[in-house]
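Look at the two complexes coming up: subunit A is in both, with subunit B in one and subunit C in the other.
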Partner chain A sequence: MSGLANALRRHPELMVAAVLVLAVVVIGAVNPVFWQPSNIFSLLRASVISGILALAVLLVMLSGGIDVSFPAFAIAAMYLTVKAMIAWGFDGVVLPFLMASGIGLCLGLVNAVFVHYFRMIPLIVTLGTGTAVRGFILGAVGTSQINIGQMPPDLIDFARTELFAVARPDGSMAGLSAMVLVFAVIALLVHLMLRHTMMGRSIYALGGGEEAARRVGFNVRRTTFFIYGLAGALAGFAGLLHGAMIWTANPRDMVGMELDVIAAVVLGGASIFGGRGTVIGAVLGVLTFVVITNSLIILGVDTTWQRIVVGLIVIAATAVTAWRDRKRLA
Partner chain B sequence: MTAPLIELRHLGKSFGAVRALEDVSLAIGRGEIHCLAGENGSGKSTLIKVISGIWQPDKGEILFDGKPVHAMTPRDAIARGVQVIYQDFSLFGNLSVAENLALSNELQEGRRLVSWGRVRRIAREATRKLGVDLDLDALVETLPTAGKQLVAIARALMSDPRLLIMDEPTTALTGREVEALFRVVRDIQGRGIAVLFVSHKMREMLDISERLTVIRSGQVVAAGPIGEFDEAKITRAMTGQEIAAEGYRWEAQPGRKPLLEVSGLTVPGEIEDVNLRVMPGEIVGISGLLGSGRTELALALFGMKPGHAGSIRLEGRELRLGSVQDAIAHGIAYVPEDRLTEGLFLTQTIDRNMLATSHDRLSRMGVLQGGRAAREAAAMIREMAIATPTGNRPVTQLSGGNAQRVVIGRWLMNDPKLLILNGPTVGVDVGSKAGIHRKIRELARARGLGVLMISDDLPELVDNCNRILVLHRGRLVSEVAAEETSEAALSAQLGALA
Partner chain C sequence: MSAILQRLRRADTNLLQLLVLTVLIFAGMAALNPERFLRPYVFQSITFIAPELGLLAIAMMVAMLTGGIDLSVIGIANLSAILAGLFFHAVGGARGPELANLPLPTVLAGIGIALGIGVGAGAINGFLITRLRITPILATIGTGQVFTGICLVLTGGPAVVGFPKLWGMIGNGTMFGVAAPLLVFLVVAGLVWFMLARTAFGINLALIGTNPKAAVFAGLRTARTVFLSYVLTGVLASIAGILLSGRTNAAKSDYGVSYLLQAVLIAVLAGTNPAGGRGSVPGVALALVALMLLSSGLQIMRFNNFLVDLIWGGFLLLSIALTSWRSRVR
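Up next is the complex of A and B:
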């Protein structure tokens, strides 16, 4: 039994923390612009949506499944909510986010029904529901992009809130988006749920072995519905927040994003076999992912290389976690 | 007279057209060690699941302390003091020992929040109760099998059970670990907890239990105090047929050359200076504790230890075994210990599994001759008496005994000269075990095949081999003729080595 595999199993976030530190040091050394507050703030802001979605994916992966439907759910929740707000002439913040989360929740429960009652593989279920939901939005709701002019102003104002701002060398101000705080609060809540509630432990137990979880007395159905419901709600919330942050509601947005988010979560030490992974790991995974992919520009690397880097990150991170998880068979 | 702790009256349970339990009545007294015996598929596991509330019986009733209980759920069963330790232990490998121990307790108390201080306290209390020392922070998957079992037992004892059901608890344990387990079980009994010991190993049943119930095809076929039983009677009840254990008689034919001659075989760090001979038609047993080098010896003969020194001669010809392909080409076949992971392609059909090593032989210019392959596979299914209507079925549908026949049959298709069997009947029930033994003897006798049989099951070696070699720390330490030894003598010898 290798000591490294053991350490990684107990503290899955060790690997990603090391990668993040390495990445930051190297990038900062190559181009000191990296360390400017405006760059750091923009990286943090860029992590918010992926981060919330990563929490959703983490929940599903911990239970031993995988979810590829969340970008579709996020977009559906966002587009339906914004459309409804425009149609009803409603502006506001709390109710729209509740509505988007509720739409995501319902869609997530549909996933749970298939996974639990039909005993279907989550990958196939979520491929199906994700595709169907995208098709429904484009076919039955609309294909047109809603731009800044029509977007509900309260939403946009909310997303523009800044925690504080520092002056750039040229005198203009660079602010840290308050959405980073929103993400931090959600991450903390999910962390507390996973670590300190029986529901959270039942998710880990389910990932450790469904039959064993049942035998110990966990209500596997309730846990499954909770996981997919919460993952859906988080996706819905993230979808509307995404629209608010880019001032646009585009029904064709976030295509292919599932791979990036799953890559970040795996990079954060979550096991593709379930039962292993932490919120801290997932958050660090997203930060690392965002830092690396967004810094290619300041490193002077052509942006077309970005997808290659994403692919390599997926393969490398999965290889390390798979190696770690196989060690238990030895 | 007080009512028994639990009483089952005429239980029946069907799944579709399959009647898993026909009519089972059984009573377990307080603090009694009761053994439930039966072959695979006899209904043992269904019965466990009914007692633990996972399945509801279709007919009959369950009484606790003389009072009938209806529509029992797993939670009800646990609340009445039933704890089950499954063969796979049902632990969470990804969680710590402490959490594994505390989880069911927290669930029983209906807690919604987890206090890690409490988890540790509960876990410490649990290990203290069992009188064992476990690293509470270790992840369960890093523990050895016996350690996992202790965690499972400690967890079960946490809820102060009145009935502990242990499903095949000794399957993956070494002889010494079995003894340690029995001490724990007797200790549990000493606290007034009844134990239902589910097994198909005769010796263990006779050793540990006070009462025995044997079921076959979902019906109780024998029951009573253990004193009324002996091995033959239990076997008869379990299989419904007389299986007489008789030794394998093999006569050296004058003038025949040895089939296999191994001299000075050494694999650095694993086996040292091993010399042995196998005559055609001979079955030679290899015994030794885990880690004695017996599997390594088999692997060396199968070409999987290319770095070996010494000489291996088959039919007088010196072999250079650098790879498995070399070994196969020279007519050496190996049936591994863990057939599920090493021996079978679980997602494939019986036919494909049969033909797995014969593709080269059955191909002409790289194209498999389908007709001939199908005919040969069908012939081997008949020869090995594998219970299946057609070779087109998934191999996973076969019972353990039949699956083992597929692996052996596969190798026979290439007409091997030397067959190495590692644990040929691990996890196979008594009836099919006898069938496999009969087949191996027949093959040795009729084809003049040399067989090397590695096994933990000492009666298996004594009954089937004409010679038994004992390996210890990579060296051959003794050789005995099976006629001149007994299971007890062999066991004592192995015990002395440990």
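Up next is the complex of A and C:
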């Protein structure tokens, strides 16, 4: 048993990989519709936004915190950017995404100030900033949804790009969204950053213990600002991409999404105590989560059960993680 | 001994600061809008609405005493109310005079069911946290989803409308000219205050929160104490559910969702240390009064609800900054 715990500790993604394979095999056996390319493509497409947000959550969790403000940041960046584009009559792809990421970055830095200088636990800080930002957007910027008619066309065209398409039995085409590639590139960059840069090492070190990280010479303040800034920027980017992919900018969107993303990251083997977790684990966690929750319908389970399934996933995954990381003392 | 004195003094400066804040808010609101704010109706409505939020805030404070948090309180409150409601509907029919006039023993049985749910749900949280060693944030996020999910599965989404008259008395009635929910709150808050300040259980809780390792070495049965504190939290949440459903004559899976942030805010504003070790019932009561005055003042000035959210979030961040600044000055 302790051998298994050790293996899990060394390769946190082992557990989630096993769960993913199991889920896919079981769901595919119950309903072969699962294996149709259009279903696989739509599952991959559905993983993009949660996936990018999961990277943000992973960064914060690696440092030993938890972030519940990112859906609000994502929506704020998306809504402000789209509003600005419409107001200025600007259309494009690169600049808007830079603006959305920039808005997210600034909001993330606010989190960092409270976590680092005011020494408050991240959950409480992000609960406050998330509520305040959403209140600001809905109360001061607007509550109306921007529909396809007013959305900047270039942005939507970008999000509609497909890598390739295959023919369905009925003759229509099912394409794989190119946004999957965008997600893959971002995930790869974050992975390389965590594995092969000094900043990546310092994030893991901070999660292992702040005082220890400081003693060995890491700049704890810079690391904290980097973590929350990057997490905010990722959230802002994901927010605008979300709006572009569903062709609407809705300021009331993504409510409660934090729980789903946190569930996925925890499923991927990240420990809330920090220092443990990988990008591969988080990505597999998101895929598993999306496969399970989106397959309830083709499994014939009523959608009212979805909350219960999400909750049980969180409890089961955290129980395994806690068992893996259990300490001898006490 | 001197440590205890020091703690008392610290608690007192905190209470004093809260008292000043309450008076300032009251004076500010009264000066801004004397003819509409200074009416008995305003204060009367506070005495009906504040108790349910106050009980949730006390529950949050109890969980924070040991450095934990309970994010499932809203789920527990709604599940308790819904199950009691379904019980009444099963006994007295879905509507009509028979349901409205259910006798006292049946209503008492309903209260028993609701409190039983609180005990059971709290015990589940306590088990996950103390036995399986899941960190409180994730354990209660998970169980909160499950409790809300059970509400959804039981009701299918819509509210359970219609409770017996006697049940409504708990939420809407008056006794000796005082709102019944306020009496419930005073009695329960008094009991919890006694438990925390005057019994070994309460002292142990604060000790465990201050230094869990020292508590273990001092021979305290930490697991049992923490377990009981989550049972207490669950019971408090279910009483809040009884008050909420009694006042509104309905129970629904997503009632009171905004109470979660407000409960955390009140607990933190009351000087509770979310990292554990410090928190008191009188502090929570004072913070509750301050925030209820502020919120009814904002409502009278016709602030839109989203801006009120912005102010709640901002207030939480401000109180974090103030607490941090105060501890640095010392």
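We take it that the second predicted complex is superposed on the first by the 325 of 330 C-alpha atoms of A that agree within 3 Å, B and C clash if a C-alpha of one lies under 4 Å from a C-alpha of the other, contacts with A are read in each partner's own complex, and residues count from 1 in each chain.
Here is the rule we go by: a contact is a pair of C-beta atoms (placed from the backbone, for glycine too) under 8 Å apart; a residue touches a chain by one contact, two chains touch by 3 or more.
In this text the structure is predicted, and so the values were computed from the model without any measurement.
Peer 1: With subunit A superposed, do subunit B and subunit C clash or fit?
Peer 2: By the criteria stated at the top, subunit C and subunit B clash after superposition.
Peer 1: For A:Val33, select first, second, both or neither according to whether it touches subunit B, subunit C, the two together, or no partner.
Peer 2: After superposing on A, A:Val33 lies clear of both subunit B and subunit C.
Peer 1: Could you say whether A:Ala319 touches subunit B, subunit C, both of them, or neither, answering first, second, both or neither?
Peer 2: In the superposition, A:Ala319 touches subunit C alone.
Peer 1: Considering only the touch criterion stated at the top, classify A:Leu188 as touching first (subunit B), second (subunit C), both, or neither.
Peer 2: Touch status of A:Leu188: no partner.
Peer 1: Now for A:Phe218: first (subunit B), second (subunit C), both, or neither, which partner does it touch?
Peer 2: After superposition on chain A, A:Phe218 lies in contact with subunit B alone.
Peer 1: More residues of subunit A are touched by which chain, subunit B or subunit C?
Peer 2: Counted on subunit A, the partner with more touching residues turns out to be C.
Peer 1: Quick check on the superposed pair: does A:Trp305 touch subunit B, subunit C, both, or neither? Answer first, second, both or neither.
Peer 2: second
Peer 1: Hey, which residues of subunit B end up touching subunit A in the complex?
Peer 2: Going by the criterion above, the answer is residues 54, 74-75, 78, 84, 86, 88, 90-95, 99, 103-104, 106-108, 111-115, 139, 141-142.
Peer 1: Can you list the residues on subunit C that touch subunit A in the complex?
Peer 2: So the residues of subunit C in touch with subunit A come to 69, 128, 132-135, 137-139, 141-150, 152-153, 156-157, 212-213, 216, 222, 261, 264-265, 268, 274-275, 304-314, 316-317, 320-321, 323-324.
Peer 1: Which residues of subunit A touch subunit C in their complex?
Peer 2: It comes out as residues 66, 114, 117-121, 123-125, 127-140, 143, 259, 262-263, 266, 272-273, 302, 304-315, 318-319, 322-323, 326, 329-330.
Peer 1: Taking the touch rule as given, give the residues of subunit A at its contact with subunit B in the complex, in rising order.
Peer 2: Those residues of subunit A that touch subunit B are 1, 6, 9-10, 195-201, 204-205, 207-209, 211-218, 271, 274-276, 328.
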